[in-house]
Structure formats: C-alpha cells, structure tokens
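Below: one structure in structure tokens.
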Amino acid sequence: MGTVIRGGTVITASDIQRADVLIEGEVVVAVAKHVPAADHKLIDATGCYVIPGGIDPHTHLDMPFGGTVTADDWRTGTTAAAYGGTTSIVDFALHTKGDTLASAIMEWHGKADDKAVIDYSFHVMVGDMNEQVMNEIPHIVEDEGVASFKVFMAYKNNLQVDDETLFRTLRLASDSGALVQVHAENGDVIDVLVKEALAQGHVEPKYHALTRPPEAEGEATARAIRLAEIARAPLYVVHVTCAEAAEAISDARRRGLPVFGETCPQYLVCDYTDYERPGFEAAKYVMSPPLRDKSNQTVLWNKLRSGELSAFGSDQCSFNLKGQKELGLRDFSKIPNGSPTIEHRMMLLYHHGVNEGRISLNRFVALTSTNNAKLFGLFPRKGTVAVGSDADIVIWDPNQELTISAETHHMNVDNNIFEGMKVNGVPRTVLLRGEVIVDKGEFYGTPGSGKFLRAGKIGRNAL
Amino acid sequence: MGTVIRGGTVITASDIQRADVLIEGEVVVAVAKHVPAADHKLIDATGCYVIPGGIDPHTHLDMPFGGTVTADDWRTGTTAAAYGGTTSIVDFALHTKGDTLASAIMEWHGKADDKAVIDYSFHVMVGDMNEQVMNEIPHIVEDEGVASFKVFMAYKNNLQVDDETLFRTLRLASDSGALVQVHAENGDVIDVLVKEALAQGHVEPKYHALTRPPEAEGEATARAIRLAEIARAPLYVVHVTCAEAAEAISDARRRGLPVFGETCPQYLVCDYTDYERPGFEAAKYVMSPPLRDKSNQTVLWNKLRSGELSAFGSDQCSFNLKGQKELGLRDFSKIPNGSPTIEHRMMLLYHHGVNEGRISLNRFVALTSTNNAKLFGLFPRKGTVAVGSDADIVIWDPNQELTISAETHHMNVDNNIFEGMKVNGVPRTVLLRGEVIVDKGEFYGTPGSGKFLRAGKIGRNAL
Amino acid sequence: MGTVIRGGTVITASDIQRADVLIEGEVVVAVAKHVPAADHKLIDATGCYVIPGGIDPHTHLDMPFGGTVTADDWRTGTTAAAYGGTTSIVDFALHTKGDTLASAIMEWHGKADDKAVIDYSFHVMVGDMNEQVMNEIPHIVEDEGVASFKVFMAYKNNLQVDDETLFRTLRLASDSGALVQVHAENGDVIDVLVKEALAQGHVEPKYHALTRPPEAEGEATARAIRLAEIARAPLYVVHVTCAEAAEAISDARRRGLPVFGETCPQYLVCDYTDYERPGFEAAKYVMSPPLRDKSNQTVLWNKLRSGELSAFGSDQCSFNLKGQKELGLRDFSKIPNGSPTIEHRMMLLYHHGVNEGRISLNRFVALTSTNNAKLFGLFPRKGTVAVGSDADIVIWDPNQELTISAETHHMNVDNNIFEGMKVNGVPRTVLLRGEVIVDKGEFYGTPGSGKFLRAGKIGRNAL
Amino acid sequence: MGTVIRGGTVITASDIQRADVLIEGEVVVAVAKHVPAADHKLIDATGCYVIPGGIDPHTHLDMPFGGTVTADDWRTGTTAAAYGGTTSIVDFALHTKGDTLASAIMEWHGKADDKAVIDYSFHVMVGDMNEQVMNEIPHIVEDEGVASFKVFMAYKNNLQVDDETLFRTLRLASDSGALVQVHAENGDVIDVLVKEALAQGHVEPKYHALTRPPEAEGEATARAIRLAEIARAPLYVVHVTCAEAAEAISDARRRGLPVFGETCPQYLVCDYTDYERPGFEAAKYVMSPPLRDKSNQTVLWNKLRSGELSAFGSDQCSFNLKGQKELGLRDFSKIPNGSPTIEHRMMLLYHHGVNEGRISLNRFVALTSTNNAKLFGLFPRKGTVAVGSDADIVIWDPNQELTISAETHHMNVDNNIFEGMKVNGVPRTVLLRGEVIVDKGEFYGTPGSGKFLRAGKIGRNAL
C-alpha cells in the first residue's frame, strides 16, 4: 500500500506535467497520467503544484556564536523549515580550534539525532585549518559522508584563514571530490573599520553595515575565485549580497570556471534602510554580510533568473532580540549575527520571483531544491520528484496567502525580519520520504525521524 | 496496448532516473520504477540513456538559395535528422518580396506535408518586412501557429532589413507573444568587403571568411540586443560563432535581458583553417557566418556549459560540391552558403561535450531538445520525456562508435564537413510519437507521417 | 617690439612653470624666467594662470536648422567665444544634398570671412555621402585644409547615412589622413519612438528626451567603433552623454583602438530633470543627444579625469526661446535642437573640474585646448603656449567670480541653460595671435580678423 | 655664462617645439626661438630631440637579496643609467625587521652619497610594517622627504604583509600625502606552488615562472585596488606584466579611482619562451613577476598608449650569472631575482614604441620621465624641459643605432637579457643640472655629484 498524490501539476527544475505521483515506502515509484486508487492513500493536489521538498543549503541550528547560542535548535528549526516546505537542510557543523573535523561532525550528529524532523546533511565549517585537519579531509569525504567545507575569509583572529590555507584546502578538497565554500568578506579590512568605528563611539547597529562595505565582499569573492582558478577547483560562494561580488562570479563563469553563487531571501527583500529603523529594532537585521543598498536587489534578481547565481539558501541563524541581540546594545560588534529565515525562504522567492514574473516555476524549483541537491552531493536521492528519488514532496497552493509574523511563525525566536510582509503561495502539504509531516497548518512530524544524508562526491559539472 | 521502454536511464534537462517508460498512443503516460510487461511491446534500453528526441531549431530544407536549391528536401533531410536522433525540426519558411507571410507558410506546408518523416514547425524568415507584412504578424501567431520571425541584418540588397524594421518587428512580435530571431552580421560592411575582394581578384573560398570578420558579427549582435532592450522584447540570436558575439550576449544577460543565443556543431569542431584546404574542397565549409579562428571554440564551450548560450541547432543547409558549390568556382560570393549538419548535430555535441567532460548529460538534453522546445513554443508537448508529452524518444547508446562520412550518411549530398571524424555515443533507437522510426541503423519511418506543430506563445521567462 | 606677459604661471597640458612669455608678431618666441621689459608692451599676469587659448572643437554658427537659423552668427558667436577664453573654433560646414563638399566649405568661408573675431577651421558635416562626394574627400584634405568629416547616424530621412556609407567614409578618410566624427544615436529607433509619441499626443519638450533613450546612443557608438575597427580607422565621437556610450569608448580603448570621445559642459551640469521645468522653459534644454539622468555625470567626470574621454566641446547651437524654440510649442520634434554654450564652456569645466578637485590644471588645458588642436590637425600652431606657436593666450584669473546669465552674456540669444550658475575662475585677458581681444570685460577684437586655419593630417597617435 | 642647446626639437609630455634652451646654473631659464650665443657654451642639437632626462621610478642598487647583493652599486648603476639617458632614479631603501624607516633611509643615503652620478630620491620598501613603523610614516614624509612606501603582497614569511597592514598603510599614507606602491602577487599561493614544485624535483629556472601564475598577479592587483578604494587612497602598482593585472587597473580607472600602473621594458620584449633557453641561461630572466606569455605584450602596449598604464620603470636589479644567479643552479627558488635593465629602458621604449608607431613622442616622454616625476613628488623640478626646472636634459639622436650587449654595456654585470637586440635612437648627450655627464659615448660625470631629491606630497590628481 502506497500513497498517491493526485491531480496536481508536477514541477521539476525543467519539466511541468499534469500527473499523479505514486509513492511506495519512502520513494517515488511512478509519475503517471493516472495512478489507480487501488488500496493507496490518496492525497488530492488539484489546483496545486507538486514540487520537490525544499533543500536549504545554508542553516545554523543550535550553534554557539559570540557567547550565546542560536535561538532555534534542531527541533524548532527543522519544524519551522518543514512548515516552509523545506524537507532537507545542510547545516554547518562548527569545527573549533584543536578539534578534529570528525569530532565536529560527531557533535553535530548529537545535536540533530533526536531532534531533526526533516533530513539533513552537514558542511563542516572549518575553524582551524592546520596540517592535521587538512589531512583529515579525504577521510571525511569517504567515511563521514561530508563533502563540503566552509572556509572563512572574515572574522579575523577567529575563524578567518589565510590565503595559503584557502588555496591548499581548495586543492585538497577538489582532489577528494569535495566542494569548498567561502564566506567572502575581507576580514582584515573589516577588523580595522570596526575598531575605528568603536573608537569613535559609533556603537549603533547600522555601523555593522557601514564597517562591512560591499567592496570588501567583492574583493574576497574575486580572490577566492582566482585561488580556485589556480587550484583548478570548483567553488561555492555563500550569501552573495551585492553587485561587486555577483559580478565577480559572473566574470568567473565567463572564463568557464565552475564557480557557484548563493543568495538568500533577506538580500532580495530587505535593504540598508532597515538599519535606520528607530531604537534597537535595527539589531534584528544584523547579519554578515549586511543588508545592502536597494539597487543591488535588481542585480541579484537578474542573476537568479539568468543562472549566474545557482543556489538559494536561508542562512538561518536566529537570535532573540531580548537577551541575545541585546548583547550588543552598546556595541554593534557584540550583536550576534543572523536572523530567522528558514521558514519563509521558499515563500518569499515564490512570491517575489514567480508571482512577479522574475523567474519561472522551473527556476524556482531549481533554486530552492534541485541545484542545492546537485551541488552538495544529494542528487538524485533528493532535489526532484522523480522515480527512485525520496518522496520529499510539497503540495504548493499558489492561491493561498500568508502574512509573515513572529506571532505566528514556528521558529523559536521573538522576531522576524519579514514581519508584516504578505506572500501569495504557500506549502499546503509537506511529505518527508512519503510521510505527511505538515498538512494545512498542522504538524505531524516526529523529532528524531529526520535522517542523516551522506553526501556523494561533487563534480565540476554538477550543474 | 502500449510500448514499454525498459531498463534504461531516463535523462531530462534536469533529472536522471533509472526508470521504465510507458507509452500509450502517441504520448508518455508513465515513468515508473517498473512497468509490467502486460501486453505491451517491450523495448530493451539496458545500458542506454533514454532521452527526449532532439529538436533542431535551425534547418533549411528544400530552400532556394542563389539560383539553386538545397540538396536535401523534406524527405531526405528529415530522414537524416531521424538517424541522428532528431524528431522535430523548426524549419525556416522563406518569405519573399511581394508575398504574404501566410503564403510563405502555405508554400512550406506544401514542401513538408507529404515528405516529412518527423514532426516540424516553422519560423518565418521575413524577406521583405513592409507595413502589410508587419500587420500580418499577430494573425500568423494566432491563426497559423507560427510564433518566431527571423530577420536578417546581413545580405544587403536582398534579405537585409534596416534598423527601423528590426525595431518595429521586435515590438510587434513581443506584443504578439512571438520571438524574433536575428542573423547578426553587418551586411553593409560585408558588402563593401566582398566587392573589394572581388575587385582585387580574390575569388577563392577563403575570402568568404576574410570578408565577413567576427567584428561584423559582434557589432550586429550588440545592435540587435540594444534594439530589443529598448523595445523590451526577447531576442534569439542564431548561429553565434565568435567571442565578439557571444560576449555581447553575456553582457545582455548581465543586464537581465531575455536574450538567447544558439550555436552549431560546425563552430565547435571546424575552424578557419578548413578554408585553407587545397583545391575547391574549402567550398564545403562556406557558410554564414564563416568558421572562425580556433580560439573561439573555448569561448563557445564555456558558454554552452554556463548557460549563457541557450540553444544548439544545426543550420542544416546542404549543397553538393558538384554542380552546386561549384557555382562559385571562380567567385566565392557565388558559392551557395551552408553545409549538411542535421544528422550529426547531437552526436558531435555528445562526443565533444559529454564524453570530454565539458557539459553534463542534463545540459546535453537541454541544449539539443528541451531549451529549443521551450524557446519556440513546443514545450511541454515536445522536448522532454515526461507524462503527457509526445513519446519522441531516443535510446542513446553511449558505447557505440561511428565514423562520419559522406559515403555512409543519410543526407542527400555528396560531402560532409565532418568527414572522418569519430564519435562515441549514437542513437540506437528513435521513436516518434511512440512509433519506432529508426532502429539499429534501419529506417522504419514514413514520408508524410511527420506532423506540423503549432507553436504556442513565447514568454520572456521561457528558460 | 613685442609683448611680454609677466609674472604668471604658465600652464600647458603637461607643465606648470612660473615664467614670462615673450610674443613677437603673432607667435610666442620665448618662455623664460624673466623677459626684460626692453621696449615691449607689458601685461601683468601676477596671480593668474597663463594658458593656451581655448579651442572649441564643436560649434554651429549661422547654421540653418529646421526652418530657422541659429541665433548666433560668426560675429556674435566668436565674440562670445572670445569672452569665454576661446580663441579658435572648429565649426561645422553643412553640406547638403546635391552639393559638393567644396561648395559647402566655400559657403562657410563666406559666413565667417568678414565676421570672425577669432581663428577657425572647419569640419564638413556630410549631408549626402554619395560616390562623388566620397571621391572628393582626398582633395578636400589636400587642397581645402579640411580634414575631419562628420557623419550622422541619427536624423533619419535627413542627414542620417547607412552603415555602408559610414564604413566607406572611415576607410577613405583614414587613407587620406582625415578623422571621421560621428553623431552617434540610432536614428531608426528614434524615428519610430518620435512618431509614436506624437501619435499618442505627447508633444511636450520632455518627450524629446524620452524618445532618444541612452541605449540608442550606446548602440550607435558601439557600432561606429566596430566599423572603425574593421576599417582600421581612427574615430571621434562627438557629444558623449551617457554611460552606455562612454563605456563603449572605454572598451574600444582597451582593445587598443584610436577612438576619441568628446563631451560638453551641459552634460556635466544639467540633467533630465531640466525637462521637467514648468511651461515651455524646458525647450531651452532641447538638444541632441538630450540631457540624461544625473547618474551619468559621475561617469563622464571619471572619464574626463582618466583620459578615456579626450575632448571637450560646447556644441554651441543657439536658438531664441521666442520665435525659434517656439516653433515646437505644440510638437517637441519641431523645437530647434541646441543651446548657447560657447561662452561658458571653459569656465564651467574649470569651476566644477579644477576647483572641485576632479581634474588637474594640466588636464583642464588638455581638454579645452591642446587635445582638440592635436585631434584636428591644428597642433602645434594652436593648442599650447610654446615657442613657435601662435600667441593665443588666456590670462585666467582663478579668483574672480561670475554669475552666468542671459542678461549679461555676449551671445545673441535670449536664454542661457546655465542661468544663475556661479563659477569661480574666469578669463581676464585674451590674446589672439599676440593681440589683446578681450581685457577685463572689454572687447577689442575686430570682425574679420579671425583667420582660417588649414588642418594638417591626423594620425592614429594624435594623443 | 650659461649653456645653450641649440637647434633641436624640444619634446615634453605634451609639446613639440623647435627651440633653443638656455641653462643658467642648474636650471633652465628660457626656451626660445633663438638664444643668442653671447658667452654661453653652445651644444648643437640639430636633427635631435631635446627631452627631459629620464626618471627611473624603480631601481634596486646595492641591495642585498637572498644572501648576495646586486652586482651594480650606486656608482656603476647610476653611470649606466646616465648612459641610457636617465638622470634621476627613485631607488628602494630596504627596511628590515626591527629597524626604523628612518634608519633604512639613512643607510641608503650612505650607499648613494659618494657614488651617485645622477640625482635620486627614495621609496621605502617596508620590511616589517608594525605599529611603530606605521606611526613613523607622517614623519618620514615631512622630515625625510620620502613620500612613497612599497608594500609586498608576495615573499611569504619575508617581506609579505597581511591585508590589515596594507589597508592601514594605505590610509595612513594617503592622509600624509604619500603614495603606496604594491608588489602585487599572491605570496601565499606562490609559496605553496614553489614548495610543491621543489618537492617534485622541478628545479630548473622555468619553474620560477610556472609557480608564479599570472592569475596570482591579477588577484593581488585587484585586491590592492579594492583596499585602496575602501581606504580612499591612491595606489601605484609596480611592474604590471599581464592582462589579468592590467585589466584590473583599467577596471579601477573606470570606477574613477586614482590607481596607476607601471610596466617595464622586459615585459614588452621578452617572454616566457626565454625560460626555455638551453642550459642555465634561462636564469638571466628570473625576475618577479616572471616573464609572461607573449600575448600579454599587446595588452601592455595598448595600455601604455591609451594611458591606462602610467609609468615605465626598469626594475633594475642586476646579478651576475657567474657566482650569483648560480646560487640557484639546483633550485630555481634560490636564483636571485632580477635583471640589469636600467641602461636600456628608454631606448627599448623608443625603438619598439615610437619607431614602430605604437606611442607618440610625447607619450614616450611622459612614460619615461614626466609622469614618474609627477607621481613621486619630483615635479616640476624634474620631469620636463621647462623654465625653472632642473636642466636634466637628453639630446636624443633618433638616427643612431645600438646593438645591446653585455660586452659593451656599462652595468657591472656579466649578462644582459636584451643581448643582441638592436635599437634605433639613443641618447647622444646627457646633462644633469646643466652639466654634461655623457657625450657621444664618453662619461664626464662624478661619483657623489648626484643629489638627493626630497619628494613633495603626492595628490590624487597627480596625473
């Protein structure tokens, strides 16, 4: 006995088909014009799109940062993700100085195991890339099923690595079939600007943005690309926010390089003026890189449409305004960086992208799911509605409206940077490996039922 | 009773699935893990890829040119196409001065009706864009099912139009949901250079190339783009051959414009040095735009991979060396332009692209079929292996080798510009709307069984 | 007995020297630390800059346009020029259909001969580039001393030429040692937009700008450059107004091409919003190309500084608001194009450029005089303060202020588009070939004393 | 009693004048049509160009490097410079760890004082940019007359600084009116590549080039520019060798930034294939950055012509093949970097630039002298033939030929990378502050007579 999703329009990254979907066990076994009811469970999808569950390639759950820890843990974070139509995440396991990569992964398994309500895999966020850690990389790919490594070009005297390390990581990772990600901001420059601002008594949240200029992101992006070019390695640039960085990626792609850029909903619908909100509310928007001048939004949309930006993540990293963001009440540099975005990632892209004619339905699916699966070694198990793939499926109702609010969202945090925004088009029913975990606003998932996904090796022609 | 394609790996523009395909009547009704044999006809695809039949967006069959007519008519041309895995073509109906667009289409129906062994639709190649013809455009889209119009920026005093005409056509077509295509070379410049070369006694075939410099293609491409930008119209640039033109398209895409470029196999595997072949053999390679310096090939491959070039056509336009190309024995400008390429388009892209790691399998499918269907209003009826789509399917054997030769090809022409080249990966079985028309080298199609395809309207977000 | 300019700081396009200048007859014979008084006439230049008289490479005096004729003739126009520190102009002789180039030049000699108070040479503005006219070019260069030819890419059905003509002119001019200038706007596109606007009842002056989009200028500029590239000819682009065109010129220079761009004061200090002035005042600003969005000003300034724009002309073309501009009271397309700018060209560049730190003094001299002389075959007779050069000298007082107004200007026209603007730095004394023609606001020149300057041949390395 | 240079053609960066030059004491006091003989010493310059003495902005004399010291000291180096028409150099004072900048300058004064036969000023090459050193900068500018500071982005674990240091130096220098220079190669990447090559037994000289890819230069150049952009500081990039770096500079100039690039003769006339010379001869060409693929030469020439590259230095740094270069006989990384180029810098630019029509005479003067004086605070005392300027003058004979050879050159080194090249156009007579120091191959200078030049502050609009 299986499940039949009947009457919907199945959308993949390239196709549109009026078809029923038959699920047996955890996987899709048929997409067909008509699947007879037999003794299957029937789910009606009339008038809806049947799309692959979202894959959020960029989340930070239960992560320590600046003396506190994110407001959302794996239970609340993945629950909110599910409400938003996301059925897999790739979370960043934080490796710290003196530690092994393997133990970071082990720690992250511990955080996720009993709590995740959706599937997940890991990137390792390398905190200290020494010789021993580098040598660990091939083993991590082969044995741990983790094949992407994030390196920081910012956060001086903390996570930031030098160019030698980045370059060697690129070569080693590429040889091992892994993908290197960079947080591309020039940490040296930012460090000087931050100290200077504080010395001048500039402590308000907006100085977070003013001390992280877009040129510093453009510089680091271009640098990482050149290093990858010399290393003949693929590269993934997380959270691209501005023309300076996005154009560097386009330049690379013109040279034929396998360079992939990601952007996030906040950079499409929020902007620098949010830092000019009265009082401490601006702290909600403190993230790195910061929100930019509104003119950058058009650049990002154009590149999402044309394919020069390849992925769409949330960079979920939630902190309460009360008690957490407030750590920086008198010093913007102490405001924990990040915002709650995991839940509305897909709805915001759908509303502002598909509804407003900026991107096609296929591109919406590619950006929220398929490309992310391909880039991070999860495809074709994840990222599509196709025979043999996991039955992670969202029944998307294009006609239902939602007003985003911290009052009603499912993240465990007291604020929402999209507060009051309306979206049209929401996930009505969400299936994880064949099981309904969200339906018409009700949650049916089980903490701990999310499975760890081993990432396959990642090639240069992933996309 | 239907047909089951069993045991293959189904490839679409985004997916890869080990699945059986069930065909009922002319369409695919299921893609499934296992389709029971029942009373279906079984086709074994073990070890093969199951891909959508190719769509060649650029052919010239039974077309008059320079006092002669192409060597291949609709029977031989479409038969050769079928052998190459192509199940639909979009051929150019040639409109001539004083004529209506409708009568051009009618004439082309006459050429195709009894002869075509695969499906087809038409572009209209506008020969004389006067007021009356422009007014015909909306009607042609609505009533004739033809939604793309080709305008020439070259062939002075013949097909070439001025910028006013191009601009007005762009606006009108865009308003009507049609797509304008341009042959982008600056005909004025070429006309001067050709006359000058001839005056200097430079009559050999290579002067065809030397009088059509890449800058003249770059110029016209950039101009057409600017006109489309002002007109807020989408644009399709046929046969992009060189960096100058390809970069202009990339620039446009960076500005967010819906501009789409096509290239062809000859520009990827032949080059200017072919014009230096001894004797009159060089005449085989006379086409417009001409073959370019080899350095352009890398540029084109990079853009095929990154998606900055969107389509892959053959520009099939065959002439016999004997009797036809020879018209220009003493004057390169009298050599009929064009070469026989319809048959090997897909194999060449597969061999040099997929086998050599330049593009993925998905991209191969997108370029040879899916994108072309989307750009010319044939999707999702054509261009994919999906429920509800026509069962135009190629069973592609990645392990079979072929040596291209005029001796063995199926085109009705005495030469082949790819003579002697080896490819690995060929179509083993080809189905048109569920019927096997080619199998293991045997042809089972029927002249006249190809159907005309009405093109739907074409949007800015087609891709 | 000569004249000594004593105590000033002599500025050339590259040098700054505290020196006296000795003039004998019409030329400078010495630049020296100290020139003894002897029996020379002494002019005190203490506290002032001693710079070469300005050369305005772009003026239209006594020119018929749209059924009227410019408000300024050669007497009033050159007098105003002299007040502004300009001692030579290159005016456009208008060739008309059916006429020879030689007769156009003869006609222009007739306009200038008895009236010019400063020196002058001619460009020919080719109105009808037929075979016979083309053949005249070498003769014009050799015998008439006119070595620059302007070709129009705009003004459809009037001055506009096709690409064949432009291309052939480029080749022929280049072979003859002449320079081709283009008015670079796509006239075909503009013609369509203008007709359409009028058909919709959009008759106000602002529609002049809205029907001439910057993309149409960018397109034509890029096209002219490509044609010059193929023709291996140098090219001069008049009145560059916008990023689209300026970047095309920068692209060309990157490819190593001898392409030179000119801009004008109005594009640096006025902008599109001037067309939104109430009533018919906006008509004052109607010129082609039109004023652009203010963001273009920074682009132009950057390129003036870096040398990517080479020349600075006025595009003087004055019409009275009363009686002349009013011809277009009910139809923007009938408003005579152009504005009175010959008098304040240098002051505006000095004030906004030098005073505001955007360009150096040397660059100011290069842009207003030296480069123009070099580009149009007048150097070293004109364009510098150096031994053997004509003693065309301006004693520039950097500390004197002027408020621009039609009430006080010396042009014979009832309006000034810079009305009310203040500038700091004005010409105090102006010498033409050693004779003072303006001094502290008084005019001492004589109509008819201006001499025609034969232009020398113009090389690719002019600058 | 003075000196008169009679009958030549005086060339400055912008002018060409047939004039005599009168020198009194050390300076030019007049440039005049005719200077009477009176009791002056007469130098005949008929048929020659009279140009400003060259200013070499980039020399390394008597500099320790890799356990040895350059073959040329201040006597031999400046003597050879004089023979080549160079009358001032800006040499790099090497600051070392633990030292003050002031003491580095003092040390360099000691090397130069008794030996220099031409004038000189200093850059400081900062070896260890710590807090104390940074604080010294304003004092160095004000008190020591040194206003340019070179910072290394290469030579890891030795001279290389991190981005914080570079950024802070840029800000501090800019505030002090000084100019920062960068050696722009990514030292981290190079360090990895060098170690790897050696580990693989790749010890031949060509591996010097293969471990320093052009992308590493392009990266560092782009990075330095972004840092200067954020710091709002001017920037000078030494020895630009390749398209990657040169285009980054052009991009910066398009954004309006005061970024200036220098190239050197070796990058115009030598190329990577010189590393493939048999035996150890290739070691002669080992310099950093290395010689590049020949295709870069056209890029550099185009940018020298268009002004996108601003300066032309020698990067003189001579080592004997015997005994010095041989230190790296079995390890390319031990070959001392550098070549003897001070003597033929101007002749090579003249021959390949002016004679071959790539640049004008004015541009030749600008690149070899004027721009360098302006960029390094020596103008107008140096860099021109003008009233009040030092009488550093070269009488350049455009018709005399020279074959370059180590056998005949005046540098104290056993090799010459331009060996056997012929140039047409050489310095016939060289004056330093009015005194003839070289005449028709004879040397008349005196060690110790060269004077130290205090550099003035350097503005953003230097050029």
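The chains carry the letters A, B, C and D, assigned in the order they are written, with residues numbered from 1 in each.
Convention: contacts are C-beta pairs under 8 Å (C-beta built on N, C-alpha and C of every residue); 3 or more make two chains touch, one makes a residue touch a chain.
All figures in this text were calculated on a predicted structure; none of them were measured in a lab.
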Chains in simultaneous contact with chain A and chain B: none
Label of the chain whose CA centroid is most distant from the centroid of chain B: D
Centre-of-Cα separation between chain D and chain A, whole angstrom: 50
Centroid spacing, where centroids are CA-atom means, of chain B and chain D in whole angstrom: 56
Geometric centre distance via CA averages, chain D-chain C, whole Å: 39
Chain A - residues contacting chain B, complex: 10, 12-19, 22, 29-34, 247, 250, 253-256, 298, 301-303, 305-308, 357-360, 362-363, 366, 370, 380, 384, 386-389, 460-463
List of chain D residues in touch with chain A within their complex: 156, 162-164, 167-168, 186, 188-189, 191-193, 213, 215-216, 218-219, 222-223, 226-227, 229-230
